[in-house]
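What follows is a pair of complexes built around chain A, which joins chain B in one and chain C in the other.
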Partner chain A sequence: MSMDVKRIFISSLVYLVIALLLMSIMLPIVWIVVTSFKPESVAKIPSVWVFEPTLDNYRYIASIKPIWKPLADTLLVATSVAILSLAFGTPAAYALARYEFRGRDDLAFWILTFWMSPPVVFVIPLFLMFDRMGLLDTYIAIVLAHTLGNLPFVIWLMREYIRDVPREVEEAALIDGYSDAQVFARITLPLIKPGLVAVGILAFIFSWIEFLFALVLTTFNVRLLTVEVSSYWTIAGVILGPMTAAITISIIPATLFAFILQKHIVRGLTLGAVKGE
Partner chain B sequence: MFLLPSLALLVGIGLAPFFYVLILSFHRYRLTWSDRPWEFVGLDNYRYVMNWERFWDAAWNTIVFAVGTTLLSFAVGFALALFLSQRFRGRGILRALVIIPLLIPPVSVGLMWRFILHPLLGLVPWIIKSVTGVTVSFFETPAMAMFSLILIDAWEWFPFMFLVLLAGLESLPREPYEAAYVDGANRYQIFRHITLPLMRPVIAVAVLLKFLISLKVYDIIYTVTTGGPGTATETLSYLIYRQTFAYFWVDRGSAMALVYEYLIILFAVLFVKYALVKARAG
Partner chain C sequence: MASVRLVRVRKVFHTPRGEVTAVDDVSLEVRDGEFLVLLGPSGCGKTTTLRMIAGLETPTRGEIYIGDRLVNNLHPKDRDVAMVFQNYALYPHMRVRDIIAFPLKIRKYPREEIDRRVREVAELLKIEHLLDRRPRELSGGEQQRVALGRAIVRRPQVFLMDEPLSNLDAKLRVVMRAELKRLQKSLGVTTIYVTHDQVEAMTMADRIAVMNKGRVVQLGTPRELFARPANTFVAGFIGSPPMNMIECSLDPGRGLLDCGVLKYPLDPNTGSLLQSRGVIEVILGIRPQHVRIQKGEVPDSVARVPVYVVEPMGTETIVNFKLGETMLKAVVPADVEVEAGEVWSIVFPRERVYIFDKKSGELVA
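For the complex of A and B:
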């Protein structure tokens, strides 16, 4: 074989493998969405690919086992968590990025240990403490718990964004007579807006997809989507068609934000461990 | 001053609960004993946990799972990162599609795969059967169940590897590559002798982060196997959850949670101290 033929052969093989890989990656999602439109008679038969699409499963989650309450609660909680995480995390990130003080790096690492800790370590005492305070199954409890879960990465990420702001800009403002708080609010914050949006969206998503805190800290008064979805398949059995519809709903933010965030998200998920472009 | 609100929150609902568990772990207390005071028992709970085979089995399962999913998601993520760091049309769309699994609720991921791998209802066993005639059971034996969980978790998390490694690839310096082209190196040589060595620190970070994340696994165990068959896929998070909230042994659960926590932090500190420093230097 000549070099050229060999090279073409190898590279088309590589592309074939990549194409297969991409297909198998997307297949489960596609299959769930397809199944959610299947009529009940064929939902449990994997060999059926052609069928008359129906909205029966969506009608089921709209009226028989309504998804509205979990959906509204999850939106409310995730939005509050995103706002609170930024409100608490960004000033802390600013301090860790800009001020020199003893033990600063240790403090940053200490904050990160909260991210490394398994959530189960916190869910036990938070359950007992919220129980004592009568806060179980309230929005406050779950929002606080999720905010705690998000704070470490919000602080670490915002610190990276703030470090990218040239110091000279802030120093110029200080000379103009701005106070520290004014510099932060009027100079730094507007400059890191893209970072705030990206990290805010990540905080939203992490709250949207979180399960363990939701499972332990909420029941009826507050009902979150992940708990609702998990209730479709238990030891009592599976409600298959509606489950695929509920899963499809739970995937919507992922799909939307994946396209919006494709560029920004890189740092978001890596705690700024790697500097992108 | 800027730090105060965050620290108050971290201390209030992060550190205080931590000490709460610490104190609780030295007492005898069940979740159903709401009116009974805590009874001090010293190190009893720890002694119990240390001699409890099921705890060590769960620890072993957690490690097997974490190593498996870290390696698999690394392999897939790195391959895709190398592929999608090239310039071509439609790259942005592919990049976006590829990260979707990471943003889906793990609970949904678990149920999705439990359905797709189900022996009767599932698409994958059906495809395998029609193509090869072999009947595969993804959750029947302990080994297969663990393998399936690793597969599912790697599917969810390869985008994470992909993102970290892609960021690393895009920040590599251009000069060594240009020099290699001039010297007539082929693509494999360039990958082996330039890309890999330069990427070592990034790979170390990616692997560490994913390993730490995998040690915390809970959601997909809950939705896919519930620890079964038997206790073959029971991980630490799942065991502790069951002991605490299904059997109400919150004291023992606390002791286990703390041992678990210390092991993770110890590992992280050691890794950061030695492996990362070494990778950065070498």
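For the complex of A and C:
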């Protein structure tokens, strides 16, 4: 085999593997989107790919069982969670990155272990606490719970971004006349902006797709999309058409975010490997 | 403007691999308006000393005064010092113009004054054409000049400069050396300047503090350090080419230093001084510029040996002799004709010879 043929062979093989991987990820999504346009008669038959598309399912979630409140609630909660996660997580990360104290690295790792433990461990205590405080089914409860769940990875990731800012740059500003707080706000924060964006989006998405806390801590006053979607499984069976329409609507914002800020997210996931400039 | 005083300052870093004593019991007084150079090899604690004066590092022990004020617990912003960092530390998200103006803006200088000063500084440092760039669009030398600009745009109590010329090309470095010295004298700002380049230290300093392993081993004017190095470390560090150092042992019977091939007759006073101190093993030091060589036989020569290699430098010539293990260098005028292999007499003028205790390294005579 000549070099060229060999190279073409190898690269087609690589593309084939990538295509298979992509298909395994995309197929459920494609199926959901396709199903959401199917008429009721064929909705539950996956093998039917040819049909007269209809907007019935979307009409259903627009008026019969409106998706507007869950959509608005989820947007509000996820946005609040992203902002609060950064507001609490970034200063904590700064302290863990910049101040020398005994057991610092152990503390940082301990915080991360919360992210590795199963959420179900926390949901019952949180339920009891919010119940006692009369906060069940409120925005405050679910926003706090999601923020709490996000903080470990927010702190961990932001710490990596902060470490990428040379300490001397901050020190130069101290000597030039800034206080510690001013250095953080006007030197460090602008320099870790890509990190703030990437981590903020991740926090948003994690809140958007979270189900367990939402199921336990909210009901009707606050209605999140994940819970709303699951409610299409009724005693009369799954109302598949409208359900897939609701899912289609609910994956749009996160997907859009992921596309628009793909660059930042990739950088966020490579951590310290990429310098922040 | 102010003096800077360090009293028995010590800095110990705790690392996972144990304790590192970066600065060890340094006492130092920098006079008001003085240009003091901290000179020493890599890792001797120069940067750490500077950082403690700036307030970026807290001394483990000892006191630091700026003027009459004890500053140990004073925040860097309240010390009124300006610093040039070894690695520049420019603000990556700002343009050069704003970086230089930064300390003035914080101090709320009027707009016109800021503009004027930035222009002056940019002109002095020859970076006018770079004012609208960002740090990552600059070469190392350009970044270094911007860092220098950010420091000298102010009139602080003290300038702290950590190898501010190390990344400039040789020509620009010579120019900047002179400009910086002139600027410092005209502003009269007390300056502590770190370098490991002895030429820079000699040409710029009012006084030099030579550091080694966290300690100040000698403090004095460039002349003093050159003429009377307190120990072999300073002797070897200052002067170019470095001082010849030859290991010898005292032969009290014959009243001379036995250095293998080379025999150096002592004057009786020095001989008895060494004996009274019990110093037998010594290091004989003589600067290459002070070694005299002659083609013929001379009565007071210390050795007659063949020339090993000749290095013409243009204005002068370095002649190398091999004495056992050590190389002896002599600097002679360029018009002296020397060929490798020829046998020459070597003469050490008595008043140019330094004798150090080999064990302690201290100057004895």
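The criterion applied here is as follows: the second predicted complex is superposed on the first by the 235 of 277 C-alpha atoms of A that agree within 3 Å, B and C clash if a C-alpha of one lies under 4 Å from a C-alpha of the other, contacts with A are read in each partner's own complex, and residues count from 1 in each chain.
The criterion applied here is as follows: a residue touches a chain if its C-beta (ideal position, glycine included) is under 8 Å from a C-beta of that chain, and two chains touch if they have at least 3 such contacts.
As the structure is a prediction and not an experimental result, all values here were calculated from the model.
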- Query: Touching A:P190 in the superposition: chain B (first), chain C (second), both, neither?
  - Reply: second
- Message: Which partner chains sit in contact with A:L151 here, chain B, chain C, both or neither? Use first/second/both/neither.
- Response: first
- Message: Per the contact definition in the header, classify A:L13: touching chain B only (first), chain C only (second), both, or neither.
- Response: neither
- Message: Contact-wise, after the overlay, does A:L174 reach chain B, chain C, both or neither (first, second, both, neither)?
- Response: second
- Task: Answer with first, second, both or neither: which of chain B and chain C does A:P166 touch in the superposed model?
- Result: second
- Which holds for A:I140: it touches chain B only (first), chain C only (second), both, or neither? neither
- Query: More residues of chain A in touch with chain C or with chain B?
  - Reply: B
- Query: Now for A:S117: first (chain B), second (chain C), both, or neither, which partner does it touch?
  - Reply: first
- What is the shared patch of chain A, the residues that chain B and chain C both contact? 277
- Query: In the complex of these two chains, what residues of chain A are touching chain B?
  - Reply: 18, 21-22, 25-29, 31-32, 35, 44, 46-47, 87-89, 91-92, 94-96, 111, 113-114, 116-129, 144-145, 147-148, 151, 155, 180, 184, 205, 208-209, 211-212, 215-216, 225-226, 229-230, 232-233, 235, 238, 240, 243-244, 247, 250-251, 253-255, 257-259, 262, 265-267, 269-271, 273-277
- Message: Under the stated contact criterion, what part of chain B meets chain A in this complex?
- Response: 1-3, 5-7, 9-10, 13-14, 16-18, 20-21, 24, 76, 79-80, 83, 92-108, 111-116, 120-123, 125-127, 130, 155, 158, 160, 163-164, 166-168, 170-171, 202, 205-206, 209, 212, 215-216, 218-219, 222-223, 226, 236-237, 240-241, 244-245, 250, 253-254, 257-258, 260-261, 264-265, 268
- Considering the complex alone, what residue numbers of chain C touch chain A? 54-56, 75-77, 79, 81-83, 85, 87, 89-93, 102-103, 106-107, 136, 150
- Report the residues of chain A in contact with chain C in the complex, numbered from low to high. 166, 168-169, 171-179, 187, 190-191, 277
